[in-house]
Structures are given as structure tokens and as C-alpha cells.
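Chain lettering (A, B and C) follows the sequence in which the chains are written, and residue indices restart at 1 in each chain.
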Amino acid sequence: MAQLLVNGLALGAAYALVALGFVLIVNATGAVNFAQGDLVVAGGFLAVAAAPLVPVPALVLVPAVAALMAVIGLVLSLVAYLPLSRRPPVAVFISTIAAGLILENGVLVLFGPAPRSAPPLIGGGVVELGGLVVARQSLAIIGVAVALIAGQQLLFHRTQLGRWLRATAQDAEIARACGIPVVSMVLLTFALAAAYAGTAGLLLANQFFITPSDGGDLMLRAYIAVTIGGWGSVGGAVAGAVLIAVFETVVAARLGHPVATGLLYGVVLVILAVRPRGLFGEAAGRRA
Amino acid sequence: MRGFGGSAPDDGRKAALPITVGIVVWLVSGLVATGTPYDLRVLTVAGIYALGALGYQLIFGFAGALSLAQGSFFGLGAYVTAILGTRYGLDGAATLPLAMLVPTALALVVSLPVMRLQSHYVALATLGIGQVVSLVAIHWISVTGGSNGLAGVPGFAVFGFAVPRGVPLCLVVWALVGLGVLGAAWLGRGRRGLVLAQMRADPVVARSLGIDTTRLGVGLFLASAAYGGAAGALMAHTQHVVSPAAVGFGMMVSFLTMCVVGGRGRIAGAVLGAVLLVHLPEWLRGFAEAERLLYGLGLLAAIVLAPEGLVGLIEAAGARLVGGRRAPGERARPAPAAPLPAAAAAPAPLVVERLSRRYGGIRAVDDLSLTIAPGSLVGVIGPNGSGKTTLVNLITGLAEPDAGVVRLGDRRLSGRAPERIARLGVARSFQAGGLPGGLTAAEAVVVALASGTPARVARACLDRVGAGEVAEVPCAALPAGARRRVELARLLARAPRVLLLDEPAAGLDADERARLAELLVAERRQGRSLVVVEHDVPFLAAIADRVICLDRGRLVFDGPAAAVAADPAVRAAYLGCAP
Amino acid sequence: MRALPPLLEVTGLAAGYGGGPVIAGVGFAVPPGGVVALLGANGAGRSTLLRALVGLTPVAAGEICFAGAPITRLGVAARVRRGIGYAPEGRRVFPGMNVRDTLLAASRAPRAGRRAALDRVFDLFPQLAASAGRRAWQLSGGQQQMLALGRALMGEPRLVLLDSPSLGLAPPVVADVFGAIAAIVADGVAAVIAEDRLAPVDRVADRALVLRAGRVVADTALAALSEDRLADLALGAAGASAAASTRLASPFEPG
């Protein structure tokens, strides 16, 4: 059971990075980024592609993948968000569906449909921790994710750039009236969200394998995590992601994956039926 | 279901329908006459997609809801057909109706909660439903064949008469598409089409005009499911194989892409989008692997560069062509004389009794009582946040009172839905008007008419407010003053007993204000009760029998308009002087 | 006063969203260090005017000159950079950010300048210094208002536009807020302060601009304006103004 929990936490750590990017974009733009899952896939396959070129542990690849993904995120915002920022939110929703489709099929054309695996972060095998046998990769995933989330917190709460990003997310119009370059902050948010999603892809690609069509499921999990964590709440998104992953892992171990996934969606549908605006409504006052 | 759809397309211009039908007829007839079996097969598949996309257009384009369940409805129809066909040997006479019925039943079960959802949560919920359907298709192996799906579905036949592949099947499919187009045209035609445009532009305003938006939304959702199921059945009979891909998200994205590329909200757009996107990979053989990549690029290009889709582009080109030749006078048809609608029921007093409503800790309306006699005009003033708009919302059902009651004569208004209250003869305006930009002024007024009232009455309403000359102008092109008048005409079309106006003079110049004042006085003489929220006291003084002043949700003044500016309590409340 | 060229000069300004201009034909000037009270009933267009000045509401006609240069066609950020600070109606603090971060976010200066600006604001508002680590949504209304004022000052402006700083505050808190505003203008910062009433602004302002229905109905020395006269002007009581405030058609002209 404890073993299972560690696996669940490792999965949750990766999901958390996806959900974190998702919620940052929601806050900065009010838009749902439907391509978030496909950014994960793109990051995973970047790692797959880079691995044979660099004979080092994948941990070293993290910054490279993150940087490349940030560029992709920037392009995404320039192509699929900025031209539509004055149109109804449904337009951005659809444009990110399109962007996701392009990413997914771009990966498919380049790599084919088979599941692939990236190299381990710091090597395979297991370690023993107080009588508990734990996969080294699980610990590495958790470690990297925690470091990245802590990094996001530091950036947002300890730097001037972070203050500008947060002010933009809280009230873009007034941020503008404070002289903050709001458009740049939005672009940066997309870059950051893509970098985190891509890193999540790298983390997932080793332990759980990755196929080009995984994006939809990952996006949906981020969407659900943000919905149950309180729309707009960063902490809630991370907590929601971990909750979903642990729920899935534990239920899947007992009843199998299909039942776990089905139950997850079932629970979400019931929540939406009872609370049409999400579990905590639209978190207004306390986000960021 | 509100707030996300935004301003969607308009059905005002119909130039594209004949053009597109022409293109499609030409394409179908040309291929049927000369096409290879392969060409015919592609064309048949295009027809099947067209049917599914037509259904999606009903919920996405007509109702303005971003449902992501169309792929599931399609796949469900396909599986029902495959199971009935392979297990029980049933043919199209049974599979087609059942394949339509099963998704419709699923839509019915989920529609009430889904159509209640706000903004993007419709997408999340329908996506979740789709994922559950997909999981069932993959894992209920004994029934669905799991990942392999079901093979050996018999070809399309009706009561034992097989429809052979090639030309006959293609024609049958396209005949069904024709039926689908007729059905969609019927659903979106005439007054209902206009009502849908209003519902997309602003569902709250639509409800205040007596439109039951929930019923309309649910109806279209069910219809979209039936179309999807029919398309799925045809696909199963045509391909003879059904796999989980049929219920997958990819299928959903195909329908979405077809509708967006073709033109959201346009019947012709769904058909054109389907034909184009099914043929595109055929025309670009070299990119066979990248077919879905092209879908993505097409969808992105369409949403960014051509938000009205291909049909929108055709319409714009057509309008340029036609518009250049048409004399300006030609647009304004002579208005046939029509009497204004008279109030449906006898005048009755509007009674507000000890009404209270809190928001958080703030008493927006606090123990307020008020009677407004028929044929009187009451002005409402008060500082920001004094509860004026909340009072109007409580009377019209957009907010529920915590305590107290509103009655019109002996009918209780509180607790009824906004559209019910509107139908009892209460009409209101909004600060931001919510006119559907793509409809003409006359069409926007028709939206408000009670069913059964002839549409030409709209013209009389516009004449009444002095907006007759803009009847054929799209609302989006109207200047502020004219827009206000059209909004007023729309309210008169409701034949209201009570008329509530929220800042009707905002943004009007002095002459327009004077005309508005005359108009309001005339309406009062008809026996209507008017409640006018306005900041401009001289404006009210000229027209109101009585002015009330609210301050922090309470009534601080109720008396003749002439006395209001001098009243110490009003001056204190309005200017914030310490009392 | 007359010798100085105006810091802000507005001529023939019309502005508003969609439904037609909310304000029209507005013209006035503010000398360096001058303080103008912008008065009028709700809905008269005070907020729209201030928003148009800072660049948040599109200008339909007219010209805005600041420090001798036209800024009508500049974006918000450029106007702020030239020395305009803005505190919006309803305060609109960033709810999830603490006082310190909110203030620092509103500065575009490098670290040292940022700190100096922060220290000056904290000197001006000791209450803010005392709750530097608290998030804005936890603050009282008065503290939030001071935060909004402080935020407007972080760019070291020469002119601040303050929209209804007394809104929703209890009288003693209003006195505190206006005490702080007095300290700001004592430093030589010019101000346009939108208010409902005369009582709090008459301590700090030297001129008054009264709006009704989007038009200027009075532009006068503050000393010449009494509460009564203001009420007449703002409510448009009969005979109150020679300006085109009551041009209703004759049958409905109040007697």
C-alpha cells in the first residue's frame, strides 16, 4: 500500500506540473488551454529524441527540454492566443484545440504511434527507505516536481517579475494602469506553462511510457484538477492533481485502470451536476 | 450555458445557402455521373460527416453551447447499429431509428444538468461524458468487441431491400443529408432563428424577453444527438466495421473543425466543411500521414483568420457584389400598417412588499415596500450601490428575494423564472442592451413578439419609437441613440403591463433625451406602469408622477418629482452629505 | 498660478464604450501641483473621465495634453511612464497579493529606486508599513484605499487621478484617507479627485469641476462652491445652471 502511495505521488507530481501550467494560463488570460496535454506529450518526445544524442542521465535534459518547450509555449501564445484575445473565450478554446491537434499529429508524424520511453532521470533500480522498497525513478520524479513547483513559488513571490506576473493574473486592467507590460506577462505565462508541461512529459515518459495520443487524457486531468481545486487557485490545482493521481493509482490497483478512470469522470460529472460552477466556485479573492 | 458562446454568427444573410447548395449539387451530380467507385465512396463518407456536423451545428452554432459530446453520439449510433446488425441481423429500417434514439436518450439524461452549467464547464462535462462512453466501448468487450471493435456489419438495407454500394448508397446518404438540412433549416428558420440569435448574443436578455432558453438549449442538444446517431448508423453500414475510434475525441474534433471551417451557425457551413475536410486528404495524397495535422492547421487558420468560416467569406464576397449594385432606397420597404400589440391583460398595480436581498454582508435591498399604480411613471434615483438595479432584478426574477414578495395584481411574481415573469407582462431594459449585432433592428424586435403576433407588428413598434427608418439596418451598425430606441421598441413589442427601464437616457444627447421623454409619457398614457431608473433628475422631473430615492437599499424619499431635488434626505443620500 | 503652463490640459474630450460617449465636450486644465475636485452625481461621467485620462477608456474626440505634449494617442503604460498615477473606483487592490508586493509591483524602477519609493509610501502610510505582509483581501476598506493610493504613487507620478477615494468608508476613515491625500499633494503632486460630495475634498482641492450627464456644468474656484450650490448643480435643480444642463423639450420643462 505504501508502495502504491509512492507511485501515486510520483504520478501526482507529474500531473501537478501539468495542472500548474494550466491554472497559470487560466489566471493570466481567463482561457482554457486545451493544448496543455499535448504540450506534455511534446516534452516527453523531445526527451525521447534527445536521449540517444546525449549519453547522460535524463536529469541533465530537464533544463534543455524546459527551454525548448518554453519557446513552443511562446509560439502557441503568439499564434493561438494573442490574435484572439479580444474575442469571446470560446475562440481561444477552439484555437488551443487546434494547436493541440497540430502538436499531437506533429509528434505522430515524427515518431509514429508506438509508446515510447525516455531514459531514467538518475538511473533505474530501487532504493530501500526504512524497510520500504521504492523505485529510484519515483523519487526522482517527485524530487524534480517539488523543485520546479518551489521554483515557481520563488519566482512568483520573491522576484519583481513574479510580482508583475501575479498582478497581471489578479487584475490585468489595473496592472496595465500600474505600468506593467501585461502582454509580455501573458506571453511569459504561456512559456512557463509549456515548460512545466514539457518537463512533466519528460518525467512521465520514463516510468509510465508516452504515446502521441496521451495529450487528451492529460489535459482532462489538469482541467479536472483545477476544477476540483477551485478554479484559479494555484495551490488547489497542485493538490487536486495529486489527489486525482493517488485516487487513480489506488483504485486502479484494486479494480483496474478502466474502472479507476471511469470513476474519476463519474465523480467529476456528479460534482458538476451538484455544483454547476465547480467545487469551490470561481475562486476570486484568494488565488495566486 | 451562458457567457462562453459570445457573439456568434448571425443568420441574417442568406446569400450563401443557394451558392453552397449549388456547389454541393454540382459536386454530387458530377461525381455520381463520372466518379470512380473510390470517389463515390469518399463522397458517401463526406455525406455521413455532413449529417453529423449538421447535428453539431445545432448545439454549437445555433444554441451557442460548446458541447464536446457529438463524437460520442456519433459513435453510440455506430455501435448500436453494429450490435443490432451483427447480433440480430437487423437492417436500416430498425438500426437507423434506434441509432438515433439511443444517443438522444443519453442526451436527455445528461441535458438538464449540462444545460444548467456555466461557460466552459459545458465543455468539461460533455468531454467527461465522452470519455466514459469511450471507456465503455473499449472495455465492455463482450458487447463492443473491445479495442478490435465489431466487424461484419451488414450493408445498408431497408426492410430487406439492400442499397448497393456506389451510386445508390451515395444518393441515399445525400438524400438523408438533404432531409437533415431541411430539418436544421426548419429548426433555425423564421422567428426561432431570430430567437436563437438573441439567445447566443445574451441569454439573460433573451430570458427577460420571455424566451425559455433552457428548453431551447435542451431541444437542440437532443436534436444534435439524433443527427449524430443517424450519421453513426450510416457509417457503420458503409464501413462494415466499428471501432472505439468512432467514439473517440478525434471524431469530435472532426465535427468541430467542419463547423468552424465551414462557418459557425450556418447550415451550409456544416455541409461545406464536411465535404471539404473529407476530400482534403484525398486531394493532398502526399500528406496522407499528416491528415490530422492539416485538420489542426485548418481549424487554427479558420478561427484566427476567418471566424465566420468559408460561408462567411462567401457571404462577404456576395454582399460586396450585390451591395454595389443595390440602390440604397431599396432596402427600406414600405411598412404595412399594423396596430401596436395591446397589453394582453388588464392593467394591474405592481406591489413590492417588504422586499429584502443581501449580497454577502451588504443589504442591497432592505425591507422595501412600494406600490406602482397602472398608468403611473415612477422615477428611481439613488447613489451607486443603493440597490436600484437589484430592485429591478428582484422584480423581474433575475434575483431571488431573501424575504418579501413582488406581486402584479393578484399574481405573485417572486419565485418565478425570468421568462415566466416576462410572459405575465413585465418588460425590462438593461444598461448594456444585448441587441444581437447581426440581426436587423426589425428582426431584433420580432424576437420579442409573442408567438402568433404577425412579424409586421415589429415595424409598427419601430415606427412608434421613431426608428422606422433603421428597420433594415443590422443592430451592430446602429449608433447609440438608435440602439436605445430599438431596445425600447423591443420592449413595446412585449405589450407589457409594467415597463422597467434601467438608465434609458445614458449616452443620449439632449434632443434624444427629449424624444425619449415624450415617448415614455405617451406609453404611460396607454395605461402601462413605468419604472425608470435614472441619474438625471431634471429628466425625471419632466416626466415622472413620483420619484423615489434609494439609499443603501432603503427608501429615503417617495414623493412628487418637483420636490426631490430640494429634499434634505435625498440631497444627503445622493451627495453623500452626512445625514 | 497663471504664469505656469498647465500640467494637464483637456479639450473637447468625448469618451465611452460601445453605447455612445458617456462624457462629451469636456475641457479643463490642471496646473502643476494643482488639485481639482471632480464632482457630480453618480452616472455623471466622473469615472469615465478619469479612465479616459489614464487611457483605459477609448477617447472618441478631443485632446489630452500632459506636460506640454499630447498623450491622447498613447497607451496606458506610456502615460503612466510620463508621470500619471491612477487609483480606480472601488480600489481594485490585487486581492491575493500582500501590501509590500502590491506596491513593489507598481514600480518600474530598478531595485534601489523601488525600495526608495516603497519607503516613501510607507512613510506616508504608516498603517501600510504595519501590515506589509498581509494580503490585500484581509485589509479593511480604509487600508485597501491607502494601498490603492500608495500603488498609484509608486511610479513617482506628477499627477494622480483618484477615483472616489471615500467610497464606502466610515467618516473617521475618510478623514484618514484625505489626511494622506493632503500629504501627497503637499509634496507638489497634482491631483484630480473624483468625489460625490464636497466635505472631504474641500480640505485639499483648490478648484472644482462639476459634471452632469457627461458634461461640465461648472468649473470654478472651490471657495465659490457651497454644498447647496453643488447639490443644485449635480442634481440639475431648476435654474441652477446657465450651462446646457436642462435642454429638455419644452412640454416637459419643469415649471
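Please note the rule applied: a residue touches a chain if its C-beta (ideal position, glycine included) is under 8 Å from a C-beta of that chain, and two chains touch if they have at least 3 such contacts.
Only a predicted model underlies this, so the values are computations on that prediction, with no experimental measurement involved.
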### Chain centroid nearest the full-protein CA centroid
B
#### Entry: Chain pair showing more contacts of the two, A-B and A-C
A-B
#### Entry: Chain centre separation in whole Å, for chain C relative to chain B (CA means)
41
### Message
As a quick test, compute the distance in whole Å between the mean CA positions of chain A and chain B.
### Response
34
### Task
Let me have the rounded angstrom distance from the C-alpha centre of chain A over to the C-alpha centre of chain C, please.
43
### Message
Applying the document's contact rule, which stretches of chain C touch chain A when the two form their complex?
### Response
54-56, 76-77, 80-81, 86, 88, 92, 94-97, 101-102, 104-106, 108, 111, 114, 135, 137, 151, 154-155
### Query
Can you list the residues on chain C that touch chain B in the complex?
16, 18-22, 24, 41-44, 166-168, 171, 196-199, 212-213, 227, 230-232, 234-238, 244-249, 251-255
### Task
Would you mind writing out the residues of chain B in touch with chain C in their complex?
383-385, 432-433, 479-481, 483-484, 503, 505-510, 513-515, 517-518, 521, 535-539, 541-543, 561-562, 564-566, 570-571, 574-578
### Task
Sort out for me which residues of chain B touch chain A in the complex.
4-7, 66, 110, 113, 116-121, 123-125, 127-129, 131-132, 135-136, 138-139, 249, 253, 256-257, 260, 289-290, 292-293, 295-297, 299-300, 303-304, 307
### Query
Where on chain A is chain C touching in the complex?
157, 160, 163-164, 166-167, 170-171, 173-181, 284-288
